[in-house]
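I have placed the structure first, in the form of structure tokens, so that the comments after it can refer back to it.
Think of it as A, B, C and D in the order they're written, each chain with its own count starting at 1.
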Amino acid sequence: MDVLYFAWVRERIGLPRERVDSSAATVMDLVEELRGREERYAAAFADISALRVAVDQELVDFDTSLNGAREVAFFPPMTGG
Amino acid sequence: MDVLYFAWVRERIGLPRERVDSSAATVMDLVEELRGREERYAAAFADISALRVAVDQELVDFDTSLNGAREVAFFPPMTGG
Amino acid sequence: MRVVVQDSPFDLGVETEKFAQGCSASGAIVTFTGVVRDVAGGLEVMEIEHYPGMTQSALEEIATQAVSRWSLEDALVIHRHGPLRVGEMIMMVATAARHRKDAFEAAEFLMDYLKSRAPFWKREVTSDGAAWVEAKAADEDALDRW
Amino acid sequence: MRVVVQDSPFDLGVETEKFAQGCSASGAIVTFTGVVRDVAGGLEVMEIEHYPGMTQSALEEIATQAVSRWSLEDALVIHRHGPLRVGEMIMMVATAARHRKDAFEAAEFLMDYLKSRAPFWKREVTSDGAAWVEAKAADEDALDRW
């Protein structure tokens, strides 16, 4: 699947999107997997309460299933308007 | 003093303004005086709760003193906006 | 602060743009526009009567209150009188504040006061005759929240 | 209903006038405009990042909700992204309804959702460096009333 990062999550990880081959069942499983990769991932995902996630461009909770998901995006709380 | 009428008060009395020589102490006294004049005044002032009054271009209550008043206006509740 | 009472039409776009350009310190700008609507069907003209000596000062007092209570950078009120057709704009208000909550609240306050405290009276002329628009209890009640 | 996401400026006056002209059945039109404000002092540029694949559909969903919940005749959302200077307009919403209460509420609803649910992120660049604007707890709380 494609994993996208925005705002300071993008900056901390150092790239805007990447292809991830994962069998993670839920968003939280994917987060754990990414955390284990490198320090910059661990730093970006240190505090889940400071993050929001969208699966296939819909805002969801971290316990959402990734079954069939094509795109997962991580970002801080939005500041539009 | 000058007495002004607006909207259906004006229509019912049949004129937009008139000069009234009165020694009425309060707005309510003036209303009683006008009521006693003719049927069209009695009709216009029949239900005080359906009327509003301004003395010298400030909205006031019917028990307000007319001491020094130059202009009194009677009209229905406003429908601006 | 600007308060205008006139019988001629105003240009909502021009007024809105001009108001916004003058408010460099505000993050939030709200406008409200009232338009003649054909409620019952068959409306030929809406006539708006007003109290010339009182209208301008009453509107200025309302706008001054709004500016001070919500620390507005600016406020605008335009209100027309005379005969208006369906679809014509009757009036507009605009408010500018740092934060959206203040701009919204001040605009709603202005509208609630204009509805029940500014000396205007609407009369609807249809093919069946003419009738004065009655004040709504809901409009009077709306003032209680301020 | 019209939802526009763009990097170029929009003309508030033209958009407001056009929106109003299209709403012949509405007595009440509300607009809100958000403007870049120099909160801390020394703001050189505000950069707005967004999530291209999601932004348009998220805004359309929010606008559709507003239209159905308040029986709006029409709704408009314009939101910019990219670098913006102090005083530039970031976004606007417009709502048209029969009654003022609905037009106001729908506009406030749209704003509350745009603030916390539309995928935009603001970054302020000053002479001291750059910082992401933090979401306010008050903005999240504002959603509870809807």
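By our rule, contacts are C-beta pairs under 8 Å (C-beta built on N, C-alpha and C of every residue); 3 or more make two chains touch, one makes a residue touch a chain.
Everything quoted here is computed from the prediction, not taken from an experiment.
Novice: Along the shortest chain of touching chains, how many steps lie between chain A and chain D?
Specialist: 1
Novice: Between chain C and chain D, two copies of one chain sequence, what rotation angle (nearest 5 degrees) aligns their Cα atoms?
Specialist: In degrees, rounded to 5: 180.
Novice: Find the geometric centre of each of chain A and chain C from their Cα atoms only, then give the gap between the two centres in Å, rounded to an integer.
Specialist: 48
Novice: I'd like the Å distance between the centres of chain C and chain D, where a centre is the mean of that chain's Cα atoms.
Specialist: 23
Novice: Go ahead and note the Å separation of the Cα centroids belonging to chain A and chain B.
Specialist: Each chain's C-alpha centroid was found; their separation is 71 Å.
Novice: Residues of chain A touching 2+ other chains?
Specialist: Residues 81.
Novice: Residue numbers in chain D touching 2 or more other chains?
Specialist: Answer for chain D, listing residues that touch two or more other chains: 34, 100, 111.
Novice: If you look only at chain A, which of its residues touch chain D in the complex?
Specialist: 4, 6-8, 54, 57-59, 71, 73, 75-81
Novice: Spell out the residues on chain D that touch chain C in their complex, using ranges where they run on.
Specialist: My answer: residues 11-18, 20, 23-37, 86-87, 89, 98, 100, 103-104, 107-108, 111.
Novice: Can you list the residues on chain D that touch chain A in the complex?
Specialist: 34, 49, 51, 53-54, 57-58, 79, 90-91, 111, 114-123, 132-135, 140
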